[in-house]
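One chain, subunit A, links the two complexes that follow: it is found with subunit B in the first and with subunit C in the second.
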Partner chain A sequence: MRAIPAVALLLASLACHAETPQQIRQIYVAEATSQQAGFTPSAKRGDAFFRQRFAINDKMPACISCHTDSPLNAGEHAVTGKSIKPLAVAANPNRLSDPAKVEKWFGRNCKEVVGRACTPAEKADFVTFLSEVR
Partner chain B sequence: MQKILVWDWPVRLGHWLMVGGFILAWLTSESESLRLVHVLSGGTVVAVALFRLPWGFIGSRYARFVDFVRGPGSVVDYLRSLIRLDPDHHTGHNPAGGWAIVLLLGLGIATGLVGWAMYNELGGDWLEELHEGLAATMLTVVFIHVAGVISGSLLHGENLVRAMITGHKQGSPEKAIPSARPLAAIFLLVWVGAASWWLAS
Partner chain C sequence: MKRLLLIALLGSAFPALADRLPMPANAPASFTTECSSCHIAYQPALLQAADWRKLMAGLGDHFGSDATVDQKTGQEIGAFLERHAGSASRVGNAGNPPRITQTARFIRKHDEIPAKYWRDPRVKSAANCEACHPDAAKGSYSEHDISIRELRE
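Up next, the complex of A and B:
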């Protein structure tokens, strides 16, 4: 059963057209539901996660260290100072259109900022927040 | 046959700077807090490789491309001699090593310049895919190169890793290079510092 979300991600990324934020959310919701019956994604929890100070990494203690306190704004890399495009779909329509890219950045940033892999529920909440925030 | 000077200072220093730069860049490839280390170490690889191109024409005897870039026939002959467990001895680079150098220089420059373009957002996501593909190809060539060095060292009874540190290999005295070219090595250090700094800024 655990392989199903991975297969879904693979199939989604094999498809040549871009995915919608809703489809990407659905992949994580399905994965979270398989671990926790009755799971419903919440933009509010995603927002709280975005602001949470994990303090694992001195230079990047939280998402907001680079992405500013609103995902609608362009961010600034805490180490290099390079500009980062907004995370919110409302401000940057290219966000949440490639499941492999979304999974890659969850993999890298969760490890470095949160200090562990993010759970499917956290990912579902976060994706929901980014696609709904205005 | 005795110990003679074969590798000049820029060749040796450049080699180990490239080794260090490649390892560091690989280890920091997925980290955002170490992003500057990644860019500086990748910049070091590019800077060394760019220095090595003219040095392949004006460097000492065994540093020159004409000394070690051979056609596919010579490479096949050398690889056959390796398989026979009786490799032909070359005072400079053997033909297989020569191609490893050409490939690693080309891949080092290509990977680094694509990385630089990514860092400055000069293209889309395809740059990221290309950068990773080139780096993985380079790692493959590195493994083949290291395997060749180890097997060549064992079969010749000559430690090629130590030779790349001391510059000395077995050979007849008239085949030695006259100078280790230390001034060019100092220029290489200054160039690598300046160029990698510029690439990272």
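Up next, the complex of A and C:
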């Protein structure tokens, strides 16, 4: 319960300007911690999530359907063929710099590929994976 | 001699002009960012205004994807698309949901393309203009620039 005002504060302070991947990770970690005490984000779990086959969507059964098996690579939209810049911060420094953009794409892609909203813990793990992968 | 040269120049310029659909210079930033993440930002002239309106009203299920935008952005993009939309008589109806590939203009322009090319892995989807028209995003759909060699001319 004590974590909620902290999350709100963080979100408010992060809303207006460009952020670092660490700050974006912190938003999700705080949110996950408020649901599950002692939560620690894990790049390894984020990596596994990236590769998991959800099989909800025929054309995009997993993240890797469009983003290839490495977030360091450029991907390609499975339906339209449009190229997609790498997700990993190491390969694309523009990633994880805008909290609203990150939320927007979690919102869309989780619904479409995972078949539900992603949990704060999953988002924290995924963001950790993308900021650390080399 | 000069006149001949002028005629030759004009003659070579016109076919190209017919296949140019430049992006209006005043495209709002929201249009570019929202509409070009999954496909190229299609030029407003590719659909008539009524079809853009229909399309913008159905972004929650945009060909199987959630492409919703907030209300302010939606209004901004919608107004831009409708202001620069193609004329109904030139483009034709796009069906429901509206598809650029269902307009009479698109069908007429592509009627010589054998079906196997639409299934070619290099093409993937008729929505992938750039597979054949490398400068589609810049509004160039000239037949001379087709990137799949077998389809040139």
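Rule of thumb we're sticking to: the second predicted complex is superposed on the first by the 117 of 134 C-alpha atoms of A that agree within 3 Å, B and C clash if a C-alpha of one lies under 4 Å from a C-alpha of the other, contacts with A are read in each partner's own complex, and residues count from 1 in each chain.
Throughout what follows, contacts are C-beta pairs under 8 Å (C-beta built on N, C-alpha and C of every residue); 3 or more make two chains touch, one makes a residue touch a chain.
If you're wondering where the values come from, they're calculated on a predicted model, not measured in any experiment.
**Q** If we overlay the two complexes on their shared chain A, which of subunit B and subunit C does A:53 touch? Say first, second, both or neither.
**A** A:53 sits against neither subunit B nor subunit C.
**Q** Looking at the overlay, what does A:82 touch: subunit B (first), subunit C (second), both, or neither?
**A** both
**Q** Check whether A:44 is in contact with subunit B, with subunit C, with both or with neither, and answer first, second, both or neither.
**A** The answer is neither, since A:44 touches no partner chain.
**Q** Which partner does A:112 contact after superposing on A: first (subunit B), second (subunit C), both, neither?
**A** After superposing on A, A:112 lies in contact with both subunit B and subunit C.
**Q** Take the contacts of subunit A with subunit B and those with subunit C, and give the residues found in both.
**A** Residues common to the subunit A contacts of subunit C and of subunit B are 57, 59, 77, 79-80, 82, 108, 111-112, listed in rising order.
**Q** So in the complex, the part of subunit A that touches subunit B is made up of which residues?
**A** 57-60, 66, 77-80, 82-83, 98, 101, 108-109, 111-112
**Q** If you look only at subunit B, which of its residues touch subunit A in the complex?
**A** Going by the criterion above, the answer is residues 30-33, 35-36, 39, 119, 121, 125.
**Q** Name, in rising order, each residue of subunit A that touches subunit C in their complex.
**A** Residues 57, 59, 77, 79-82, 107-108, 111-112 of subunit A touch subunit C in their complex.
**Q** Over in the complex, which subunit C residues touch subunit A? Could you list them?
**A** The contact residues of subunit C facing subunit A are 36-40, 63-67, 123-125, 127-128, 130-131.
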